[in-house]
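Think of it as A, B and C in the order they're written, each chain with its own count starting at 1.
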Amino acid sequence: MSRPSVQREPRPPGLRGATRVLLERELDLAWSGGGGPLLACGFFVCLTAVLPLAVGGDFRTLGPVAGGVAWLALALASLLSLERLFERDLEDGALDLLALGHLPMEAVVMIKALAQWIAVGVPLGLTAPIAAMALGLPPGLAPLTALSALIGGAGFALTGTLGAALALGARRGGLLIAVVVLPLFIPPVVFGAGALERASSGQSPVPALAFLGAYVLFAAVITAFASAAAVRNAQE
Amino acid sequence: MFGLSNPQRFMAFTGPLTPILWGLAVVLLAVGSWLSFTVPADYQQGETVRIMFVHVPAAVWGLGAYAALGVSSFFALVFRHALADAAARAAALPGAAFTALALFTGSLWGKPMWGTWWVWDARLTSVLVLFLFYLGYMALRASIDDEQKGARAAAVLGLVGLINLPIVKFSVDWWNTLHQPASFLTPGSSGLDPVYLPPFLTMLAAYGVLFLALWLTAIRTEVRRRRVVTLRARQALEA
Amino acid sequence: MIHTLTLADLTVIRGERRLFKGLNLELKAGQALALTGANGAGKTSLLRAIAGLLRPDAGTIAFRDGDGNLLDERTARGREVHFLGHQDALKTGRTTREELGFQCDWLGHTQHGFDHAAEAFGLQPLLDLEVRRLSAGQRRRLAMGRLIGSPRALWLLDEPMAPLDVRWREAFADQMRRHLDADGLIVAAVHDPLPIPVRTLDLGGLG
C-alpha cells in the first residue's frame, strides 16, 4: 500500500506485446458486439439465397455469374460491421486511450484492420466457396475462390477501415461508409471475380491474383496514413 | 502562386479576373458551337459526331476538376490552409456537373451508335466511377456537422481518391479486356479526322475556361460565406 | 521521466471561438495545477492539447526531463502521460477484469500494477461484473485504475472527482498526494477545489 506511484518504472508492453493486447481486445469486441462474423456470414448466405429467387434457379443462368455474384456479396458483407470499428471508441473516449499508448495511431488503425480481417474477412472467405458452389460454380474452383476471397477480404478490411475512419463523427455513418468505400472496392472486385472467370475459361488466374495482392499492399500503405490522419482529425 | 494563398490578395486578384474568364468562356463556347455545327457530318457516325464536341471536353474537365480537388486537398491537409480547402470544396460541384454531362451525352451518343442508352465499356464505366468519387466526397462533406472536421475528412478522401483513380481506371480497363468489347470507333482517339480538330480543340478550351470561371466564382463565394459566418459568430458573442 | 511541463504562448481556437491566447505556464515534478473557469472556457481543450489529442493553433508544449533535456513529444505522451477524460473509455459489454487488464497492458504496467490498481480503488468485488452493471462512480474508479496500474508521470484529469462519493474522493485525493510525493505532475480541470495543495489557473470564460 505504501507504494509510491511513479518511482517504480512501468514495464512497457513492447511493440509485439502492445499489438497482441490490442488485437485481442479488438477480436473480443468484434465477436461479442452483435456477433460480427456470424452476422456477416448470415448476410452473405442470405444474399446468395435471394439471387436464385430473383433470377431463377436454373444453373445455366446462375453458373456463369456464380463467381461474380459471390464477389459482389463478399464486398457488401464486408461493409456490415465497419461502423463499429471506430465510432464506439470515439463515443466512449477509448480512442483517446488508444492514442496515448506506445504504438502510433498508424499502427493502431492497422491492428484494427487486421482484426477486422480476422473477424469478418476470414469467415467470409471460407463461406465464399460454399456460396459460389451453391450457385453452380464448378467445385474445382472452390480452392481458388477461397484463396482469392481471403486476399480480397484483406483489401476490403483495409479500405473499409479507411472509410470507417473518414466517416467518424458523421450522421448516418454506416450509409456514408458504403458510399465512400464501394467505389474503392472496385479494383478487388474486378480482380477477384476476374481470377475466377479466367480460371473457369481455362486461363491462368495468376495475373489477376497478382493484381489483387498488389492492391492489398497498396491499400495497406494508404490506409495506415490516411486513416490515422482521419482518426486524429475526428478526435480534435 | 503562394502569394495568392492570402485570402485578401486572392479576392483582389480574382475579382477582375473572374468576369474576364466568364466572358472568354462565353466567346469560346459560341465559336466552338458554331464550328461544331458547321463541320461536315462524319461518314461513319453521321451527325452524332457533333455530340463528341460536348462529351469529350466535359469528360476531360470532369477529370481535371477532380485533379484540382485532389491537389487542393493535399495543400489543405499539409499546410492547413483555409483557401486550399475552399478550393477543394468549390471544385466538387462543377466537377460532378461536368462528369454528369459527360455521362448524359455519352448515353445520347450511345443510342444511335450502339443501339442502346448505356454500354458497359471501359470509358463510360470509368467516367461513372469518377462520378461516384464525387458523390462520396460531397456526401462525406455534407454529413459531418463540425465544418472544420468535415473539411479535413473530405480532404483526406479527396487525396485518397486522387491516388486511387488511376488504379480504379486500370482495373476497369483490365476488366474490359476480360469481357472483350465490341470494337467501335472510340471518341477523341487518334482516329479523329483532322477536319474535326478546330471545333474539338475550341470546345476543349471553352470547357476548360468555363470550369476555371465556375471554380473561381465558387471559391469566391465560399470565402465570402466564411466571412459572413465569422461575422455572425462575432456578433453573437458581443450580443 | 517528465520533470517539467512547459506551455509557451499557447493559443487554441475552436470553430469561431478563441478559447485562450498566449498562455504561458511551467509545471514541475511534484506540483499540481487546477484549471478553473466557466463551462466552455477551454479547460478540456487545454488538457487535450497537452495530451496531444488537439493541435494548438499557436505556441508550443514541451516536456523536459530532470536535466532539462527536451523529450520527444510522441514518446513522452506514449509513455508518460495519462489522460482521464470525462468519458471513462470503457466497453460496456466487457468485464471489469478485462477492461482494467487492457488499460494496464496497453499503457504499460508494473509487475503488480493490476492488483495495486484493483486494491487502490476497491475494484476486487467488481472484477467479474460487466461494465454495464457498474454505477457511474464505479466506472470512474475503474477508469482511474490505469493511473495506478500503469505509473506515468503526468496526470491530465478532466473533472476526475465528479461521479465519486465522499469516501472515494478522499481515497483519490490520497492517491494524488502520493503521486505528487513521488515527483509526479497533475493538471486537473475542476469545478470544486481539489483537496490537495495546488496552483490554480483560471481560464475565465463568459460564464
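Annotations for the structure displayed:
Following the convention adopted for this analysis, contacts are C-beta pairs under 8 Å (C-beta built on N, C-alpha and C of every residue); 3 or more make two chains touch, one makes a residue touch a chain.
Model, not experiment: these values are computed from the prediction.
Of all chains shown, the one whose average CA position lies nearest the global CA mean is A. Per-pair tallies of C-beta contacts place A-C first.
Computed from the mean C-alpha positions, the centre of chain A lies at a distance of 32 Å from the centre of chain B.
Chain A and chain C have centres, each the mean of its CA atoms, that are 35 Å apart. Averaging C-alpha coordinates per chain places the centre of chain B 49 Å away from that of chain C. Taken residue by residue, chain A touches two or more other chains at 236, whereas all remaining positions touch fewer.
Counting partners per residue, chain B has 146 as the residues that reach two or more other chains. Listed in rising order, the residues of chain B touching chain C in the complex are 146-148, 229-230, 233-234, 237. Note for the complex: chain C touches chain B at residues 15-17, 206.
For chain A in complex with chain B, the touching residues are 162, 166-173, 176, 179-180, 182-184, 186-187, 190-191, 194, 197-198, 211, 215, 218, 222, 226, 229-230, 233-234, 236.
Residues 1, 48, 51-55, 74, 77-79, 81-83, 85-91, 93-94, 98, 102-103, 105-111, 113, 116, 119, 146-148, 150-153, 175, 178-179, 181-184 of chain C are the ones that touch chain A when the two sit in their complex. The touching residues of chain B, when paired with chain A in their complex, are 77, 129, 132-133, 135-136, 139-140, 143-146, 149-150, 152-153, 156-157, 159-160, 163-164, 167-168, 170-172, 174-175, 178.
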